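Okay, so chain A shows up in both of these, paired with chain B first and chain C after.
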Partner chain A sequence: MAELSFPLPDLGEGLIEATVLEWLVAVGDTVERNQPLVEVETTKSAVELPSPQAGVVVRVHGEPGETVLVGDPLIVFEVPDNTAGIVGTVPQEQAPKRRVRLSPVDDDDD
Partner chain B sequence: MGRHRDHLVEGIDPHLFVEEHSPAQESASRPVLLLHGFASSTKLNWQDTGWIRALTEAGRRVITVDLPGHGNSASPEERDAYAPSRIRADLLQLLQDSHVIPLDDATPDSGVDIIGYSLGSRLAWEFGATQPELVHRMVLGGPGSADPLADFDLAAAQRHLTDGTPVEDASTADLLRMARMVPSHDVFALLTMVEAIKGEPFTAAEAVPHMPLLLVAGENDDRAATMPDLAALSDRTETLWLPGRTHTNAITSRAFKKAAIDFLNA
Partner chain C sequence: MSEQTAEITAPDLAGTGSHLEHLSMQQALNRALAESLEENAKTLIFGEDVGQLGGVFRITDGLQQRFGADRVFDTPLAESGILGMSVGLAMAGFHPIPEVQFDGFAYPAVNQIVCQIGRMNYRSRGTLPMPITLRVPSFGGIRAPEHHGESLESLFAHVPGLKVVSPADPHQAYHLLKHAIRRPDPVIFMEPKARYWQKGPVDTADGGTLEGARVARPGRHVTLIAWGAMVARCLQVAELAAEDGIDVEVLDLRWLKPIDTAALAASVTRTRRAVVVHEAPRTSGLGAEIAALVTEECFNVLKAPVERVTGFDVPYPSGDLEDEYVPNIDRILFGIQRVLEHRRG
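Coming up: the complex of A and B.
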């Protein structure tokens, strides 16, 4: 089994954080993709976030009333090993290392 | 499937954006019409909050409409397009376009249930009172017996938009803040709606709906502080207070959704 972490997604309109209102799932729950996970409130509105992933909930971040920043971890799932790489998210430890430079590099040794 | 309805009411096309959402499984239950609040939209009030998903998963066909000047609906210039009486006529027409038929005990999918929030609850209250042969049950969220929009200080809002003069009245300032929060909203269209509502303020006792009603509000919802007065007007009313919730964040509440679905299915 592998762990897959999802951050608080970009909620649009320049919002940088959200306050957790209520978790709709708990650690140990098996959730389906698109199942409602959590209610959060921004300075603009309240929204219900659907699950981007099917799996078993391992951890949730943010108690009701706490603020989570966009991009910070929100929830961690346990998923079968062979599904961890095919959901459009590259697991951290396998992040691509090769970089391609698009502009010429000045030689320092002249 | 969104559509701009093309039927004329009183000779004018209101260009309201209407969508129908199919239930997860085929079912024989009547549709649910959702009416959003002031400065909100179908997307903000019902889609992003999980209501459409919750209702369609519960087997309900859902009809949504963006009010004039809101969401994907047009922003007409003339004030009358925003009058509550005119909106009620448009709602009646859109239900007919959606093939809603009058209530009939032998036909389980006859009639319509309505869920409203804030201004949408006010519109639902009046619509239900005038259309008892069509409306089966209603859930009214964040409701009050008075209309915060009727006390809106239009002159102060217009001054503020012109030269930045601060708005003194807290309720006006808050409503104006809401009106300007959604970049796609035309704040002048919303002020035209306020003007139209001031011309037809909410007088709950004047027309009382007599079908079963569930009134729901956050415990910390100042705008719904008069909900008990509203409940007292009708004898088939249940109320639900959501602990810790406000006018803004009551809408996503799971307890609210569950109570609404159970109440409408009863």
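Coming up: the complex of A and C.
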């Protein structure tokens, strides 16, 4: 297993921090990609942050009311080593399936 | 579980003492990059999210921590800038290893790649070589959105001055990337993202011949010609065809520019039948070039026209449809059947 840290992104244009309002997940939770993680408030608005990926929550940073700086760790996931990626999904190795059968080759015709 | 939470646990760069290791292509590429940074102080890695994050596919994981943000750094989301900066750095004596995060994001940088990187050495009468290795996570297969599954090899192969290579497995990835970085000329390094996670043996001490194509599986009846992620699929097809008594040779082309014409000719002269498999759209795909080369070299021994099993002439589709778009086992088997049953005249 590996740990993957998700830093607080810039939620507007040039914002430098956000205040945690409410965590929607807890340590130990298994979360899916795009599942809401936390509600934070910036100087512009209050927003829910979707999870950038699936994983098990290992740590969260910032109690409700506390301020987190953009770029500082917000949440840490535990993910299997071989699924650590951000875009798309890991292809599953499957036993090859076929419908087409080949006819015997005749190489004596010339 | 380590308290070092910064990013994903870095691959074991210390090695195990043995030269033969079991690595994913991610780990193999990561190690090749780390060793290239060690080997040549002029090498630099930059691109979107390659520094602090370690890359969206973890290929540059841990490299910024290890080599510093002067040598491994994040750029703005501007591919034209990433490649334009590569040109300037190369002119100043550096060996840039830029990353374009996904195949389809290379289009905004086509001007820099075609008009500067491909031509600067020629334009400057050899005084300004472009030792740039552009890493591009390429091809489909991971259910990603638009611009994340495209095959640009024929676009780049068409550009004078560029070389294009794609590894098929972790061993090839490790050695071909190091080889590409050491070369004095610009190389487009197309990483088959669908194969990033599968592990395979890597002999770090012996890469074998790194120029030209390689026979991934010898066979007698027909040659399958492929590169990148399609090599593994063609090897599966070869196993299935063997059940029917058909002995399939799989030629991993590796270098898509220049194409190893001698290897194509040698293989097809033996098997007398050829099927080329690629994910890119059919029209003006690299399969057309390969069919022409095979025909020129092997016309007198060919038992059938060169068959092409390819993607379709449409934009790369959404994830739900990509299994229909990318050549699958049955489509490749059907291509083999067509060349097997062809009768002249």
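Keep this in mind: the second predicted complex is superposed on the first by the 84 of 110 C-alpha atoms of A that agree within 3 Å, B and C clash if a C-alpha of one lies under 4 Å from a C-alpha of the other, contacts with A are read in each partner's own complex, and residues count from 1 in each chain.
By our rule, a residue touches a chain if its C-beta (ideal position, glycine included) is under 8 Å from a C-beta of that chain, and two chains touch if they have at least 3 such contacts.
None of the values given here were measured: they were computed from a predicted structure.
> In the overlay, answer first, second, both or neither for which of chain B and chain C A:15 touches.
Neither chain B nor chain C is touched by A:15.
> Which of the two partners, first being chain B and second being chain C, lies in contact with A:54: first, second, both, or neither?
Neither: A:54 stays clear of chain B and chain C.
> Once the shared chain is lined up, is A:1 touching chain B (first), chain C (second), both, or neither of them?
After superposition on chain A, A:1 lies in contact with chain C alone.
> Please indicate which partner A:25 is in contact with in the superposed arrangement: first for chain B, second for chain C, both, or neither.
Neither partner.
> According to the stated criteria, A:46 is in contact with first (chain B), second (chain C), both, or neither; which is it?
So A:46 only meets chain B here.
> By residue count, which of the two partners contacts chain A more extensively, chain B or chain C?
C
> Tell me the contact category for A:36 with respect to chain B and chain C: first, second, both or neither.
Only chain B; A:36 stays clear of chain C.
> Which partner does A:70 reach: the first (chain B), the second (chain C), both, or neither?
Neither partner.
> In the complex formed with chain A, which residues of chain C make contact?
That would be residues 1-2, 5-9, 24, 52, 56-58, 102, 141-145, 148, 193-194, 196-199, 221, 236-237, 239-241, 244-246, 303, 319, 329-330, 333-334, 336-337, 340-341, 343-344 of chain C.
> Write out the stretch or stretches of chain A touching chain B in their complex.
It is residues 13, 21-22, 24, 34, 36, 39, 41, 44-48, 50 of chain A that touch chain B.
> For chain A, which residues are in contact with chain C within the complex?
My answer: residues 1-5, 7, 58-59, 71, 73, 76, 78-79, 81-91, 93, 96-105, 107, 109-110.
> Where on chain B is chain A touching in the complex?
Touch list, chain B to chain A: 40, 44, 48-50, 53-54, 181-183, 248-249, 251-254.
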